[in-house]
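One structure is given here, and the rest of the page talks about it.
For reference, chains read A, B and C in written order, and residue numbers begin at 1 within each chain.
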Amino acid sequence: MFALLDISISVINLIVPAFIRTDRLNALVLLVVFSAIVIYFIRRATRGDKLYIRPLAGLQAVEEAVGRATEMGKPVLFIPGTGDIDEIQTIAGLSILGLVSHVTARYDTPLRVPVLYPMPMAAAQEVVRESYIDEGKADRVTPEMVQYIAGESFSYSARVGGMMRREKPAANIFMGSFRAESLLIAEVGQSTGAIQISGTAEPEQLPFFIAACDYTLIGEELYAASAYLSKEPKMMGSLKGQDLFKVLLLAVLVLGVLAVTFNIYPDFVTELFTAN
Amino acid sequence: MANQGNKGFFTRLQNVDRRVLFVLIFASVIVPLFFPLKLPVPVTPETREFFEAVEAIPDSSIVMLPFDFWPSTLAETEPMAVVGLRHLFRKNCYVVGLSNVGMGGPSIADRLLDSIGGEFGKTYGIDYVNLGYKANYQAVMLGMGERIEDIFPTDHRGTPLSEIPLMRRVPNYDSVSFIFVVSDNVAVDYWVGLVNSRFGVPMGAGVTAVMAPKSLSFVQANQLVGLMGGMKGCAEYENLLGYPARATRGMDSQSIIHLLIVLFIVMGNVGYFAAKRKAKVEG
Amino acid sequence: MKTRIPVAVAFLSGFLMIVAFFGSGEWLSMLTNEALRYMTIVAGFSLLLGVVSITQVSWGVVRKRGEDWPYKIILLIALAAMTGFGVLQGITGGTVFEWLFDKIQKPMMATMFSVLAFYIASAAYRAFRARTVEASILLVTAIIVMIGRVPMGQYIYEDLPSVANWIMMFPNVAVQRGIIIGAALGAASMSLRIILGIERTYMGRG
């Protein structure tokens, strides 16, 4: 019996490392637990369970800002971040653009989307076009709506600043990944008197946005925005799952800190959380 | 009437035209350049640790210096690369330069390596080299851990690495004693996350002031041996090295600008509270 | 069909990257390298889309003599010149492309970056008002750090630099880590939604 077990363990030891990076097993376990929790909550949400999501002032202000632009007959300026398409924040920005462009299409509010890189530009064009088709306004889509500006952030901010000064949008929405150009853009927008809503997961840029914008989504709130705005049960479920996982992670973090502080298997605990 | 005048004054204190502030900022930058105050620069622990770690590298070691910054931030980042090169060349270290910024990065590296190398009588190819730029920096950083020649078959001047005496001694990170990162972008996170954690190469970084608060977490976690945060960090390093240069000259301006901003913030708050009190008194 | 194919592509690519991260083997790294190479190729071609967009919009303004049309002509000339010299002569040392980049583009980029100093000052002046207890804490902290991090701070109060360093090293790092961990989880959850095809708003479909 034990010999059989020994052989099985040897076979596993031989085969598993050949296919799986055992040094990343800790991350794999985390991924599996995280996915399981998120999928569980998605299923609960699709079954019709009521899930409470804390209201986010910044997101409630999005519709209000578009409404204000409509009333004033001025454009809404939307920037889906200044990162490339391989950044998940850009995808989050494009998701929010999808929801905003539905509203601008519905109320015939002019929309301007200046983009820094060509790939997000192509994606943003598609997002806006689909939204306008959905609202039966395909003929209102123009090349000026989504524009490629420059592949360099300071040339980009100069151009966007000029756009803000000339066209005086009533609402500026900045959602995605931003670098040093965040304040250059937001401060010009502030000087034109536009209502400004921003969201980014870049910790360095948050203070600038908070100083120059009316509302700011901080870190993970950006990723929650599309779920929050669409009110789609599946997306709400994933948010709930993410929250529970965060609580679990915090608990593990506290236990880990205590273990290392009080010298309870410190090497094992450190090894357990080492990223490779 | 007098009350109304006061109210107007307090409101004005809160809403000074931004152009007035801009003119004062401009003057605060220019004037100290002509009339320097020469204030001594106190050294932060993270810069001292960085300096001491470089000082502790054995002389004649091989050090990598990525010039990961755009031309736009040259005012802040170039003095960092200069002070790093001076320190390394003074210790007779061999410097392998490269850049993860395509636009302008390699030419900046060329210019600085040649000029500072020249100060110390160093020769290209023997004492230092510029590998240039290759796209996709994550792949570049990981790939150099296996074999640098696979990633950079030639240097920035087009010479095959096999023909460069210095590079014949540097097949991968195993021969690199230290990485002196100078960066104005997210590349520094990847140097830490990919190269330090996977290959264990010790490194320190010079980053822009805006990036410093985030990068300090790497110092606290011992992933970076130390940090030069913005022009102030660079001025500290220059003084530790005994080469006060551009960053040190900028410190007087920075001191005055910070004081000016604080003064304006205080003014705004005085106006805010006085106006609020007046409104309360008047019911 | 229009959404199904992109969702399938997103699922397969995401799944491949997860497998590549946790799996080992020659074939796997070959497969991911190949995928990354495809990404580079697509990105290269997308640059053409950018050039088409900027030309289309600028030329449209010039033709209609729209607002600021002379600037659009300068833009189109600059675009043609940089592309032309880059293609004909290359972009390395000693070329016209590099001269234009060094002597025109670089100073302009540096100028825009330096504007940040002015904007930081005006944003700080406007934003730091002690309206609430939290805002007051933020205000006091900002003043300590601003003065404590410059040489003059030491003259005002000897221990100010140490207090500023403590704020930067502990409360600041703690907050940064909190935001980074939260954002990383948010990004992971969003990635999972994309891979599973739940999140489709980025394709214009709700």
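Everything that follows uses one rule, which is that contacts are C-beta pairs under 8 Å (C-beta built on N, C-alpha and C of every residue); 3 or more make two chains touch, one makes a residue touch a chain.
Here the structure is a predicted model, which is why all the values come from computation and not from measurement.
*Asks:* Specify the chain with the shortest distance from its C-alpha centroid to the centroid of every protein C-alpha atom present.
*Replies:* Minimum centroid-to-centroid distance belongs to C.
*Asks:* I want to compare two interfaces, A-C and B-C. Which one has more contacting C-beta pairs?
*Replies:* A-C
*Asks:* Between chain A and chain B, what is the separation of their C-alpha centroids in Å?
*Replies:* 29
*Asks:* Any idea how many Å lie between the Cα centroids of chain A and chain C?
*Replies:* Roughly 14 Å, centre to centre.
*Asks:* Round to the nearest whole Å and give the separation of the Cα centres of chain B and chain C.
*Replies:* One centre to the other, that is 18 Å.
*Asks:* For chain B, write out the residues touching at least two other chains, lowest number first.
*Replies:* 18, 70, 72-73, 103, 213-214
*Asks:* Would you pick out the residues of chain C that each touch at least 2 other chains?
*Replies:* 105, 109, 112-113, 120, 122, 124, 126, 176, 180
*Asks:* Send over the residues of chain A in touch with two or more other chains.
*Replies:* Expected reply: 152, 154, 180, 203.
*Asks:* Residue numbers of chain C touching chain A in their complex, please.
*Replies:* Within the complex, chain C contacts chain A at residues 18, 21-25, 39, 42-43, 46-51, 53-54, 56-57, 60, 67-68, 105, 108-109, 112-113, 115-116, 119-120, 122-124, 126-127, 175-176, 179-183, 185-194, 196, 198-199, 201-206.
*Asks:* Once bound in the complex, which stretches of chain C touch chain B?
*Replies:* Chain C residues touching chain B: 36, 40, 92-93, 98, 101-102, 105-106, 109-110, 112-114, 117-118, 120-122, 124-126, 128-131, 139, 142-143, 146-147, 149-155, 161, 165, 168-169, 172-173, 176-177, 180.
*Asks:* In their shared complex, at which residues does chain A touch chain C?
*Replies:* For this pair, the touching residues of chain A are 17-21, 24, 27-28, 31, 34-35, 38-39, 42, 84, 86, 88-89, 91-92, 94-96, 98-99, 101-102, 117-119, 121-123, 126-131, 134, 143-144, 146-149, 151-152, 154-155, 157-158, 166, 180, 183-184, 187, 190, 201, 203, 206, 208, 210-212, 218-224, 226-227, 230, 232, 234-235, 238-239, 241-242, 245-246, 249.
*Asks:* Please output the residues of chain B touching chain C within their complex, sorted ascending.
*Replies:* These residues of chain B touch chain C: 14, 16, 18, 21-22, 25-26, 29, 39-42, 44-46, 70-75, 103-104, 107, 110, 135-136, 139, 156, 212-214, 216-217, 220, 232, 251-252, 254-262, 264-265, 268-269, 272-273.
*Asks:* Show me the residue ranges of chain A that touch chain B in the complex, using the header's touch definition.
*Replies:* The touching residues are 152-154, 179-180, 191, 203-204, 275-276.
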